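Letters A, B, C, D, E, F, G and H name the chains as they come in the text, with residue numbers starting at 1 for each one.
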Amino acid sequence: MQGMVMKTEIKEILEAVRDGKVSVDDALLKIKLQPYEDIDFAKVDLHRAVRQGVPEVVYGAGKTAGQIARIMDVMIGNGQEQILITRIDSDCADELNKVHKVTYSRWARVAYYGKKAEIHGVGKILVATGGTSDIPVAEEAAVTAEYFGNEVVRVYDVGVAGLHRLLDHLEDIMSASVIIAVAGMEGALASVIGGLADCPVIAVPTSVGYGAAFEGLTALLSMLNSCAAGVSVVNIDNGFGAGYLAGMINRR
Amino acid sequence: MQGMVMKTEIKEILEAVRDGKVSVDDALLKIKLQPYEDIDFAKVDLHRAVRQGVPEVVYGAGKTAGQIARIMDVMIGNGQEQILITRIDSDCADELNKVHKVTYSRWARVAYYGKKAEIHGVGKILVATGGTSDIPVAEEAAVTAEYFGNEVVRVYDVGVAGLHRLLDHLEDIMSASVIIAVAGMEGALASVIGGLADCPVIAVPTSVGYGAAFEGLTALLSMLNSCAAGVSVVNIDNGFGAGYLAGMINRR
Amino acid sequence: MQGMVMKTEIKEILEAVRDGKVSVDDALLKIKLQPYEDIDFAKVDLHRAVRQGVPEVVYGAGKTAGQIARIMDVMIGNGQEQILITRIDSDCADELNKVHKVTYSRWARVAYYGKKAEIHGVGKILVATGGTSDIPVAEEAAVTAEYFGNEVVRVYDVGVAGLHRLLDHLEDIMSASVIIAVAGMEGALASVIGGLADCPVIAVPTSVGYGAAFEGLTALLSMLNSCAAGVSVVNIDNGFGAGYLAGMINRR
Amino acid sequence: MQGMVMKTEIKEILEAVRDGKVSVDDALLKIKLQPYEDIDFAKVDLHRAVRQGVPEVVYGAGKTAGQIARIMDVMIGNGQEQILITRIDSDCADELNKVHKVTYSRWARVAYYGKKAEIHGVGKILVATGGTSDIPVAEEAAVTAEYFGNEVVRVYDVGVAGLHRLLDHLEDIMSASVIIAVAGMEGALASVIGGLADCPVIAVPTSVGYGAAFEGLTALLSMLNSCAAGVSVVNIDNGFGAGYLAGMINRR
Amino acid sequence: MQGMVMKTEIKEILEAVRDGKVSVDDALLKIKLQPYEDIDFAKVDLHRAVRQGVPEVVYGAGKTAGQIARIMDVMIGNGQEQILITRIDSDCADELNKVHKVTYSRWARVAYYGKKAEIHGVGKILVATGGTSDIPVAEEAAVTAEYFGNEVVRVYDVGVAGLHRLLDHLEDIMSASVIIAVAGMEGALASVIGGLADCPVIAVPTSVGYGAAFEGLTALLSMLNSCAAGVSVVNIDNGFGAGYLAGMINRR
Amino acid sequence: MQGMVMKTEIKEILEAVRDGKVSVDDALLKIKLQPYEDIDFAKVDLHRAVRQGVPEVVYGAGKTAGQIARIMDVMIGNGQEQILITRIDSDCADELNKVHKVTYSRWARVAYYGKKAEIHGVGKILVATGGTSDIPVAEEAAVTAEYFGNEVVRVYDVGVAGLHRLLDHLEDIMSASVIIAVAGMEGALASVIGGLADCPVIAVPTSVGYGAAFEGLTALLSMLNSCAAGVSVVNIDNGFGAGYLAGMINRR
Amino acid sequence: MQGMVMKTEIKEILEAVRDGKVSVDDALLKIKLQPYEDIDFAKVDLHRAVRQGVPEVVYGAGKTAGQIARIMDVMIGNGQEQILITRIDSDCADELNKVHKVTYSRWARVAYYGKKAEIHGVGKILVATGGTSDIPVAEEAAVTAEYFGNEVVRVYDVGVAGLHRLLDHLEDIMSASVIIAVAGMEGALASVIGGLADCPVIAVPTSVGYGAAFEGLTALLSMLNSCAAGVSVVNIDNGFGAGYLAGMINRR
Amino acid sequence: MQGMVMKTEIKEILEAVRDGKVSVDDALLKIKLQPYEDIDFAKVDLHRAVRQGVPEVVYGAGKTAGQIARIMDVMIGNGQEQILITRIDSDCADELNKVHKVTYSRWARVAYYGKKAEIHGVGKILVATGGTSDIPVAEEAAVTAEYFGNEVVRVYDVGVAGLHRLLDHLEDIMSASVIIAVAGMEGALASVIGGLADCPVIAVPTSVGYGAAFEGLTALLSMLNSCAAGVSVVNIDNGFGAGYLAGMINRR
């Protein structure tokens, strides 16, 4: 990052200037070198591609296929080999496919360019849902986690009103490295799983439900009040955020 | 009730008038006969005492010991033999005791005058709490239910984060006639019990918790969204309402 | 339920193992025998069909006719003879009818397969609405209650602003076994009925109204604060939940 | 009012200037003449005293006895003979009494200086409450209405859960000129009275209740959604506003 | 009303029975005579038509032209000569016109059958709006008030941000009998008018605005907190309620 | 303004009357002279055109092209040479163009008639956005500010999650005269910019985001709580308001 | 600031290193030089004192007199000559006075050390309040603005319900450079002033009011929806923020 | 856990029964063996002590010193050697010390019995706060994390309004294993840190702030909407939850 070049980098540059290896103007230029590219409607970050070798992510909602394609152009042109695009519908993915070859996951509404990362996460990430309507959000989480190199176990439709279905997966729950609990309505799944598991639980409230579910607000509040320790919460329907964070934790 | 005397009663009175057994003025008086007594600050209902033989209830919050005593005077003077007073502190109960002998339950903040009703409920009412802080509300429910003639089983501190503690009472849950699930925080207890039991579950959200518990609002919303069928909800901290309703159901 | 086989069942199985009547593997299998079937997008519960002989329920909202048909396939294949499908529109019901013969109630947006249960409830369930717009929710409750074997009395459009219309049904109200009070706007119907009746009242707030009705929130809050004892509340527009619970209470 | 002298007044002044009856400076002065007096912490309105002969009102909350006394000094010094002070406790009233003789109503937390206005309202104002805890707000309304020259009928503790108590006052309700319906909790009283009465109903939500009563919010929302025509609402606990408005309507 | 026949009526009937002028069964029948007619989806009130000679009102929202026509059939068949239908679009009004001749006000979305009432209100009702977008709600109020026999003065687009436009109508404001202040956004119009006028002000918040206007909630809260005495509030966009209430007040 | 003619103006008129230079009726007429024109659905303000020589603004939302054209007719007919129309779509702008020649900015959804004002603001107004989805609101602000004669610097897509992109514009931030910070989601941009800049920061929350973004409410609350001094907030998505206010400040 | 040393500074340092005027380590040290001092519980910013010569501000709420004194020690020790301390009560100020001589403004709950800044603002800042209870917040704003070198005009108790009191200050309003409008309850003052003034208006909602005032929320929302252009809003009761921002604008 | 004994355990027990090694009753008993002890007011979990060798936690809020001591008695009596007690004040800790020797951290309001766990976490946990008022919550997190065997780095008072203070700790941020970001008001700290760090960030909203901070709600919502990936959120003021979860993640 140019604006806050870390101290070590500053020191290196200073030493290079002192030693006459780098001119003042070149040094300044080096510091100014922008790790993003400014296109019409966006500033495309390139540093992850360049420095970390990890996939770059494009949030597709509200962007046209044309805009996404143009962002991908810049990224690919800068050497990025893996790009994940979230929140895009199948029409947009089809459109995109004409320009850059992507793999599309209909349920997760996610497309990716390039190969998935090799599995390098230490353990397994378990993705559980309370009902069938929560699956799209769960798939966004699962596909994201897989794309970033994690093994994912899916346990869907195990809401607490039918506790036997959940308990039937007790071994999966107890052996998981990270758990993503996806639920709408009253969101009790997070607390019950949080009480059974001994690993971090990322709770994802969904907008599933009606009436006093208030578009996911109830599940959100419920999960924040979980009586089980080890539970934290992301935004309503934020499958990507949960999948990305789970991968981060699993990498430790 | 005078204002809405039922049709059969009207017919009887009319026939009595026609047959000369009752004068017009007496008939009118009969209809006007008030089933409550108007004292300074309250209209004391007497019809339950008179007609139904069940205990009368006084909501003590915001009333002085003197006011409660005066209401009791009227009731007792009209033949009422059993009175339940809710939401009173021990000082008020002590004060009351100087006038009318009452039994006080410190945890439930409930006092009663006269004998408890004979147990006449068909089955058992199970009162469960998520944590220890929910116990005062649960006791208000339990004492109320007992006072109205029901057998009560207490299962406290069985929150869903320690599912084994709850499942250990599976037999109690499955054999209950009605269940009162009392919980604050995320209120998941109601859903889990609702999924296990095959009887009506009355959920009582409590104001236990902090932050995003919002004084019981989260538990309330969560319980209203219970994914288990057979669950209904009463107001936050409304132990009396739950106990009374449970007794009503258990009487069927 | 496998995961939480009740103690008596465990004891029976243990005794059978000890007595050599059941092999260890068979015993384990027996315990493992899953009372649900896992299909692509759902885990279909079968235990009610098998054990309790009561109708199974499918929540239709958000499911395609194809998905519902497939869930019904599994249920019927496992011997289930009665299935209730809620929240489906007439097109979906027509589609369903091509595969499995169902009876559709347009107003209630409910379909059922197989015969209604015989009337076995003890008393009558009264379903009342404040206005005409509340009728769809009321019908969902009424059809559900009927389907589960209860006699239902409908008293519609008896909002408290025209008290005479409500009081004209005083006898129905006073002789009911359970009452379902369905109302939007200010939801006062529940309190007034709760004050007149001597049986449990299940209040169903509806999303009927505009402005400060806030999609049913006002009716919900109002009903939770009912000054009448014996009233409990279910989610906004949750006719099914009320009908099912009313049946449960009426069965006692 | 100086800043917006009405057109007729402007015309009169112009004509007086033209006719030489008033100098330009005097005319300007006349227009500038301030109908309020600016004291340290307040601008004391005097125009009502001067022009309309009606009592002036001081909102006592948050003011010391000394400040109220000083405001009264200015008013009385300008010829005001009747002053109503709302929201003051008895200590403050005692303090005030040492300076200006006032009559204090403990329940209403209202004091007044000078004589009450002669009864000049056309009809009667009925003030009804749902419970006994609503009485202080009701008394603020009643005392205000009386002070401004209206006859008031009090009907307290007639909540809709005991409909017979309300219906027993049907004649009072039907013969009232204006009705003030004061209720907390679910606030259903306003709708029921609104359905019975044929006069304007001013609904006053109170902060009475607990849990989901949300300090009067539920009663407020409920009253705004009243299904009865002719009902309007004032702020939570605003007894003065209701009493003042009722008097205004009764004067027509 | 049968269920709550007033005492005087009861007395008259009793005397008639005693005097042999009316048989018991006829008396009972008389009391039972229902002042409403029960049609499929609604209970059509007839008592206003019969007793009070005032127009009847049909709330059109959510009803088909066919349903409205049928309700009108019943009313007209019972002698009702004036019917107001609110919240109907022009297509529905056209449809209605084929059955019963109605006059339609496009802006107010209101239709009426029969003649408007003669002007019998004492004074004038002033209807003011903050902006042009508030006009439909204001027209619903104005047309309603006119229909019930009141003279209406319209003062539109006089929001407080252009105070001169409002003050230019000072004479209208000061001579009005009742004022209806219709405004969205911050709803300040009600307070400013309330401070200028000496008559009851009915504030109608509208859902006009965006962002933190929250569909009228901000205007609603603002109006409830009006610092001017004499202001009361009805539901968001409730033009009919305001117009009806204003007429009620103007009739005194 | 007629209704509140300032004192100096009153004095001048009075002197003219006294001196016989103006008749009483003419004086009154002069005072009455309306600085707005009343057309069917709106009161078109003309005083800015006449007195201040600044552009007039028409809020286009909810108005037809025909209505806007008619308002423009009145304004142009009264000598107004510059008119800004906000919140109109391109179809409406096309329609308008047939009557009055306007320049349309698609992204900002803003059209203007006449020339932009000359740049007369002292410094530069910086408009920054957190993401690309915030750009339409930012453009509404930028085009407005430019139209009122300010130089605008756009810095888009500099959300705090990529701090280097923001810090890269540190010089722009530090040299700005006023900054408009436009952001949805958590709205942190305003605080970070507020901490860096030494000029007034106008924060504009946008409805960008999903779930717990609550249509801009979260960004709004966040911005109001900014820990940086010098930050104030306008309504959600109110680009015009921010642009207009920024111009006002820049003019000082 | 070390972490984001501006480019020009970096260039200067680089040139100095190249020219041998500064060693690499000294250059790094220079960059690292911290413009704040870290004491136990706080990081005391010193850069304003050093670089800008303007007063430093300490937010006193929640800090003991001892902690504030210690922060002042650090500041004064670093050459700071003017310090403003907000939100402190008189006891705390007395305590402080024993260590550092401060001037205390009881109404504003503000203390300052050192001399007020010379008046250097261009115009006058007008501070207006709706009522007398808003004065403490207004004084916090006024004293802050004065302290930072601005002339302040106070116009208190000019709420819109008594418009004449506000209009009487029309000249002050129209000649102000910036206006701070402080109001609770419905907060209409901001809109009315915004419509009269031609300068930026900073609206400060206060927590004054009761019931549906919701501790300032209603005033806040109302002000955000102001129909007048040029109005922006700060947090509830944030007098300091308004005063500081007003000074910033007045300095332009 | 009896109710959900895992399959492998069941199989082992079954085999032991079959082989005659365990009687049926003993087997049942074994399954029933309760891993908690039921005391009067609580069910004390013992399984962590027994099985996992990790410290047990007691939530002290709302419990008397006596109750806490009794819970500790049971735990210590069952071999627990480390107990953490959260949310207790110093008086309670003093009281506790008379029975069981505990170490008390005044700022964190946390006490612990026994030795802290050895440091076994892989990396460092960084705990950052926006201001000084957030420190108590941060300390609860820090002490908890340390107690569970993690190295903790504290970086307090680095709110985003003074970005240089935060950036000065860039190396700490970039080398942390997990970060706990504690902030009230607008909670922007989480987003900024989330954008700088490449490790999981646990955001803890605090109730610090006033007005529209709404007791932490604004910070909570803001953090949930963080535009930075890798951020999740716990309940308002839930320092313990964050510290515990951070330890869990750091252990991977």
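Here is the rule we use: a residue touches a chain if its C-beta (ideal position, glycine included) is under 8 Å from a C-beta of that chain, and two chains touch if they have at least 3 such contacts.
Remember, it's a predicted structure, so these values are computed and weren't measured experimentally.
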Once the contact rule is applied, which chains count as partners of both chain C and chain E? B, D
Strictly by the touch rule at the top, which chains does chain B share as contacts with chain E? C, D
Pick out whichever of the two, A-H or A-B, is joined by more C-beta pairs in contact. A-B
Between copies chain C and chain H, what's the superposition rotation on C-alpha atoms, in steps of 5 degrees? 180
Between chain A and chain E, what's the gap in Å when you average each chain's C-alpha atoms? 55
Suppose each chain is reduced to the average of its Cα coordinates; what separation in Å results between chain E and chain F? 38
Centroid from C-alpha atoms only, then distance chain A to chain D, rounded to Å. What do you get? 59
Where chain E touches two or more other chains at once, the residues are 3-4, 7, 162-163, 167, 170, 211-213, 217, 220, 224-225, 229, 235-236
Following the definition at the start, I'd like every touching pair of chains, please. A-B, A-C, A-F, A-G, A-H, B-C, B-D, B-E, B-H, C-D, C-E, C-H, D-E, D-F, D-G, E-F, E-G, F-G, F-H, G-H
In the complex formed with chain G, which residues of chain H make contact? 132-133, 135, 156-158, 162-168, 170, 208, 210-213
Going by the contact rule set out above, which residues of chain F touch chain E in the complex? 1-4, 34-36, 41-43, 45, 47, 61-63, 205, 207, 215-217, 220, 235-238
Would you pull the chain E residues touching chain D in the complex into a rising list? 4, 6-7, 52, 57, 122-123, 167, 170-171, 174, 177, 198-200, 202, 220, 224-225, 229-236, 240-242, 244-245, 248-250, 252
Under the definition above, what is the set of chain G residues touching chain A in their complex? 3-4, 7, 10-11, 13-15, 17-18, 20, 24, 27-28, 31-32
Touching chain A in the complex: which residues of chain B? 130-131, 159-163, 185-188, 191-192, 194-196, 209, 211-214, 217-219, 221-229
